[in-house]
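Consider the two complexes below, in which subunit A is the common component and subunit B and subunit C are the respective partners.
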Partner chain A sequence: MSTFGELVEEVAQEPQLGAAGYEAGVIEAKGPWRLAWDRLRHDRVAIGSSVVIVLIAGMAVFAPLASALTGHGMDAQYHLTGLTSAGVPVGPRAHFPWGADEEGRDILVRVFYGARISLLVGVSSAALAVAGGVVLGMLAGFFGGVVDTALARLFDVVLAMPYLVFALALVAAIGGQGGILIDIAVISFFSFGAVARIVRGQVLSIKEKEYIEAAHSLGAGSLRVMFIDIFPNLLAPVIVYFSLLVPSSIVFEATLAFLGLGVPPPTPDWGSMLQEAINWYNPAWWYVVFPGGALLATTLAFNLLGDSVRDAFDPRYNRLFARETE
Partner chain B sequence: MSQGPRGEGPRSVGAVGEGGGDRPGVLLELQGVTKHFPVKGGGFWRKSHDAVHAVDGVDLQVRRGETLGLVGETGSGKSTLARCMTRLLPLTSGRVLLDGEDITDLKRSQLRPYRRRVQMIFQDPYGSLNPRRRVGSIIGDPFAIHKVADGAERKRRVQELMDLVGLNPEHYNRFPAEFSGGQRQRIGVARALALRPELVVADEPVSALDVSVRAQVVNLLADLQDELGLTYVFITHDLSVVRHVSNRVAVMYVGQVVELADRHDLYATPRHPYTKVLQSAIPVPDPEQSERRARVQASGELPSPINPPSGCRFHPRCPKAQPICAQVVPRLEVKFQDPPSHLAACHFPLADGEELPRAEAGDVARVGPGDGDRRAG
Partner chain C sequence: MQHDKVVRKAPAGPGLFRRRRARAVGAFVAAGAMVGISLAGASVAAASGPQYGGTLRLIGQGDVDHLDTASAYYDVTWKLLRAVSRQLYTWPTAPTFAQQAQVVPDLATAMPQITNGGKTYTITIRQGAMWDTNPPRQVTAADEVLGIKRLCNPVSPTGAPGYYEQTIVGFEAYCNAFLSLKSQTAAAMAQFIKTHNIAGVKAISERTVQFDLVRPASDFLDILALPFASPAPAEYLNYVPDSPAMHAHFISDGPYIIKSYVPGRSFDLVRNPAWKASTDPIRKAYVNEIVVTENKNSTAATALQQIEAGTQDMFWDQDVPTAQLAHMVATHDPDLTIGPQGNNYITMNPYLVINLLSPNNGGALKNLKVRQAMEYAINKYADSQAYGGSVISGILNQAVPPGSVGYIPGFNPYPDNNGLGNPAKAKQLLAEAGYKPGQITLTLIYRTNTVHPQIAQNDQASLQAAGFKVKLVPVNSSGAYYSKYLENPTGTKAGVWDIAEPGWIPDWMGLNGRAVIEPLFDGRTYGPNTVDYGDYNSPIVDRDIDLAESATSQAVATKYWQDANRQVMADAAIVPEGAQKTAVYHNSRVQNAIFWWVAQDYDPTNVWLK
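On to the complex of A and B.
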């Protein structure tokens, strides 16, 4: 039993083991964000999908340029050059690189402009859903009790609602009068529940951690604990969820547009283009392939990037990576 | 139990009058502190009325400048008691007085000024530091929460603290994951000391550490006590550690204090059979000595705190138990010719030098101070 006392004496006599007795680290310190970023930078899939996303964003930004180069307006109809004498849309050729639609409009220009709607709606409804989900999920998980019961049931109700039926009902109610804001509202309403549920679960486990108890013992208030102590631990899953929510929102938007709920007709939109293409895909394959391909490429790129982001935040990958570099 | 060269004189003697019967400079007083946790479950229709009796009627006084050791097996309610002291948990009944002021029923916002005076050091150096925050910001938390210092001033004071606890102040911007267990515990110590508290409740501060690192941290705590005039409540299941650091020791068993004494009294003349059993479970690194010494064992498992035994809670496992032990709850009082500071709750206290009868072979579980020991039974 005395041995512990002896040991203490012994240690006390070794100054190099005591206070300030170790060397400053030689290895450069890397935070978890830095490690995730490094991993992402070296991930070929992440780079590839980022390039695709940048290209699509470029399409959206430079859509007027495409319009100027081809000389075709976004919704101008070219009955003479865009349609054959029989009234069938012309296929890809010099004047119409991606062909024309049944009204003689340039599909390339319309796909470029359509990227604007897809990206805008996709990113903003994902952001709105994540923001709402984080706030409500944190409130539910942190305060528990009645607040939790009420909010958790709300998430369940939202998740249980058949959104397609709801969308069809909405189409019937407001028809073609929908706008981009209604799109965003509908999409984020149907998406926030899943985020909120995940956040709530995370908060439930984080709030039992000893460092949260430590924050309480220092006298921290609820808001401080939520935003300074809990929120940073939610950031990684939330970023991952956001990056996976963007493509699903884009698909959701296309679905709504396909059903007739979305931006009003003359404005080009991938979903509504696909809907119009239904009657024409047999002779005019380009009518389906180009907007459909753009939609596919966008959602695939966002999904792959989302997967890579998730991998980058996964601690197992962190460790693997740390071994590679050291 | 072997006597080493370091038998006498506690490592840290504050301004304590040894063994005074009155209340010289009582900093924290617990009066009948009780904490029950309701058990979830029961039937679908009826809620269960069971409760875990984590802490049951504990009276304790912590004197200014001393180190009060709190020992007991896992599940004896030490940590719950610590959280009642620091008012991290609401009490079921009883009172907590800090410097004579009743802080039992204060709300969270009202407690804030007291948080500055009472701080905790936590057991798990991995769990008690937020992995997503930098060390500088973790240690600077108390300054931010109590609006004591910010900006460059906060950084300067944080680095001062890091230096004080033996961390390199240049590591201000690192994450907890970049430190070893011992260093992390130093971070926890720095955070607890930031606001110069009067009382530090250390909940198993060294249990998670390697033995050599353990000694470093124990030394650090002792040095800081001398330097800053701190009062400690030191919770541990390791009797050899508590013996080294404490002025007084309270032994807990299933939510109650069964013996309270000055350090050397407790080790020289343990009165409660449970204390004796705990002492005999301290491992001796010398195998020859270990073979020779009498190992007392208590039969059976630690009883369920949901349904604690009647009378003396130790009676089902006690080698000296008599029928009365199951019926009458023993009071915590002075036994034999002990000084007034030595209290034990036992109907049949051990006389000086009395050994406990050895438990019979068969279904025997060792009472050990730690988790592993309990499982080994």
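On to the complex of A and C.
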């Protein structure tokens, strides 16, 4: 990330070069966004993980379709067909393609519906964390002084907290199974610190650039400089961070649910399904494998995509790549 | 879970799972700290018939609630106390449940001499039953009197004073005075005990004790068989009851003594040299040593693995998890025991208790038809499956489980499709009561451990299918579930909860109306710490209770208890859902593994090792 300043310079300089030095159409000038996109779409890992993410999103969107096809409601209990008389869940079979859970509910349908919670919480907490991190990080970096000291200490405090313990206590204090909004709030609260610290560092460096000085001298106000001149240069690292925050938020949500602090039952949730399954892994492997597999596939896909996005935006990677192809 | 507090208001004291699944106390434990190795037992495998020797190893999670017999109330504690304490009468580890439910003499030489129209019990203690003192000393009538007197000590009183207050002349007055004693030092309590007497408990000779009752009580011997009524040696006056000092100087009249006790970690029991087999018809005391390992992090599944592997012999405070049960039943595992046998169940568990005081939904729960709709709505079959199905869990259609007095064979006032529920009938009743589907929203509080979340979701699903809306509210601690919600009249009146699914373990079986119907349905004593959670109060039931308890014959008493049961069901005060047995397991080297309902497990003093 330390070389991000160079990237910023490229961004600042390339358009002028293109306008002044070359005939349009002869040599195409590629901006950093375009370069990143080119690299990304040639990255097989990125393509593969995107496909998986689209599939998972498809599961979330088409969950009612799965419900209609199997004829099994999201939280409908089938005590006569989904369970043996001794209360043991039935395994995968025609009526229950992924088996049933301890309440005789269809695991396939529940995993599909569970994708909604995971994606909703994962994406929205990451988005909230990034938004909060960007705003606070910019304020700290841009204004400096007391504001910076106060905010930077806040970031440090948040980052230093034993977040899981604190999250457990917080969610419990707010009211047992607080539901999805509390989960999102808790997850984003514990994630924004890292984003804010990186943004602050970037802003500290960017705000010393000449073009910012120029903007100031032309009479631009603080807000304008922050959001029009500085913010666009933060987008690349923020996007990278966002793509990596999504999977960690999904895991965080599953962890909270596993500990009994997620969305209240009977709403399906991968984490709480895994929690219920721990007693059953021995006779009923499907109870662990399908929700666990969905969680694993989702977080792995987001992580790999996040890595690819980071590589795509990394200017060092750019040079290596360029040398190879020359 | 009313283990560690006084219950003054509920006449029959507490019951519900207070003895099962101890609260999690104590420090973290290093796993595998105490693994006794069998010496004598393992070396003589060829011989047949009972064998003496060896070390019996029990593995579990929690600790005893109290070690003092005056206040010990968990079934796991009663299992331990079997080895280190004796009572005048007890429930034997007999082969059949019917035999086990009948009290037999333990310290007493014979059944009591009952005179004065059933109001005076005269009991003689066996010659040669000794305390493990130095030198060993005869257990006397004075020790029995002291045992009863200590029940009301203000530091660690019994959890079930009601049984004694209702039966023994002068107990209540004595108790109230003792409980309000200002100074709680050992000396002050000893002084009180020495200077105050209970009118109805007297030592009339060295080994003969006499009880005078307020009125005849056909269940009085059961009350004497509870470990609460154990005799106590005079040495206990030197210590604050249930204090660490008292634990360290625990004096046994049973076949074992406590060699070491590390709270939250372990017990080590070894033979009591003062105990003579000839004075004890109940305990065979085959093994030389009993070692209990308590590991806070040990789940029932891991404990089971250790028992199967042979590094442990039997459970301490856990039982076979549902997930493992089906396989064991299917393969006819000879080391599995599901007790009690036959159509007998210990617990009424779960039952849906209805908050009759709830102001929610415009007081809809006060409407009989609404409650009757719930009787039809609940899918009891689903709840039974959650416990492992019919091998271990019976569907219950009345307010008393089979095995307890008042149970009426075949009685099913709200037939609901073989337990699967009848939502159509429920909807119809709801409509007759003037409610549209979805108009009533019920707050269901549930515990988040073991199968409770499953039961809550089952009941939510079946009530919703019948036109109710159900909001689930989780309570993370079993203690808070009872103390903060169900037993708290303030919250109950405010409608903090509408329905809940508690369970109930009677303190004894057979003629136990005083331990089932009275505490659960006698509304005259409603108040803090009640176990009549929903404040059901029916003058008809109250009258039946009074008539049953003062009945002179068991047949008459039974009739009144059954009448009470019928009335509770007619009023739909609760929705009975299930009655449970317990599945326990032992390593194959453990022999004579008979399920003993008192501990809901095997009796450690009567098993031997191959």
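Assume the second predicted complex is superposed on the first by the 284 of 326 C-alpha atoms of A that agree within 3 Å, B and C clash if a C-alpha of one lies under 4 Å from a C-alpha of the other, contacts with A are read in each partner's own complex, and residues count from 1 in each chain.
Methods note: contacts are C-beta pairs under 8 Å (C-beta built on N, C-alpha and C of every residue); 3 or more make two chains touch, one makes a residue touch a chain.
If you're wondering where the values come from, they're calculated on a predicted model, not measured in any experiment.
Peer 1: One more residue to check, A:Glu210. First (subunit B), second (subunit C), both or neither?
Peer 2: After superposition on chain A, A:Glu210 lies in contact with subunit B alone.
Peer 1: Name the contact category of A:Gly219: first (subunit B only), second (subunit C only), both, or neither.
Peer 2: It touches subunit B, and subunit C stays clear.
Peer 1: Taking the superposition as given, does A:Gly71 touch the first partner, subunit B, the second, subunit C, both, or neither?
Peer 2: neither
Peer 1: Kindly classify A:Gly87 by the partners it touches after superposition: subunit B alone (first), subunit C alone (second), both, or neither?
Peer 2: It touches subunit C, and subunit B stays clear.
Peer 1: In the overlaid three-chain picture, which partner chain does A:Gly58 touch, first (subunit B) or second (subunit C), both, or neither?
Peer 2: neither
Peer 1: Tell me the contact category for A:Asn279 with respect to subunit B and subunit C: first, second, both or neither.
Peer 2: Touch partner of A:Asn279: subunit C, not subunit B.
Peer 1: Return the chain, subunit B or subunit C, that is in touch with more residues of subunit A.
Peer 2: B
Peer 1: Does the superposition put A:Pro265 against subunit B (first), subunit C (second), both, or neither?
Peer 2: second
Peer 1: Pick out the shared contact residues on subunit A: the ones touching subunit B in one complex and subunit C in the other.
Peer 2: On subunit A, no residue contacts both subunit B in one structure and subunit C in the other.
Peer 1: Any idea which subunit B residues touch subunit A in the complex?
Peer 2: Going through subunit B, the ones touching subunit A are 1-7, 11, 86, 88, 108-109, 111-112, 115-116, 119-120, 122-124, 127-134, 141-142, 145-146, 163, 165-168, 170-171, 173-175, 177-178, 188, 191, 211-212, 215-216, 218-220, 239-241, 243-244, 282, 284-285.
Peer 1: In the complex formed with subunit C, which residues of subunit A make contact?
Peer 2: 75-77, 79-80, 83-88, 102-104, 172, 176-177, 260, 264-266, 276, 279-280, 282-284
Peer 1: Residue numbers of subunit C touching subunit A in their complex, please.
Peer 2: 301, 321-327, 329, 379, 381-382, 384-391, 420, 448, 453-454, 456-458, 460-461, 472-476
Peer 1: For the complex, which residues does subunit A have touching subunit B?
Peer 2: Checking each residue of subunit A against subunit B gives 1-12, 17-22, 24-25, 29, 31-32, 209-211, 213-221, 224, 228-229, 232-233, 235.
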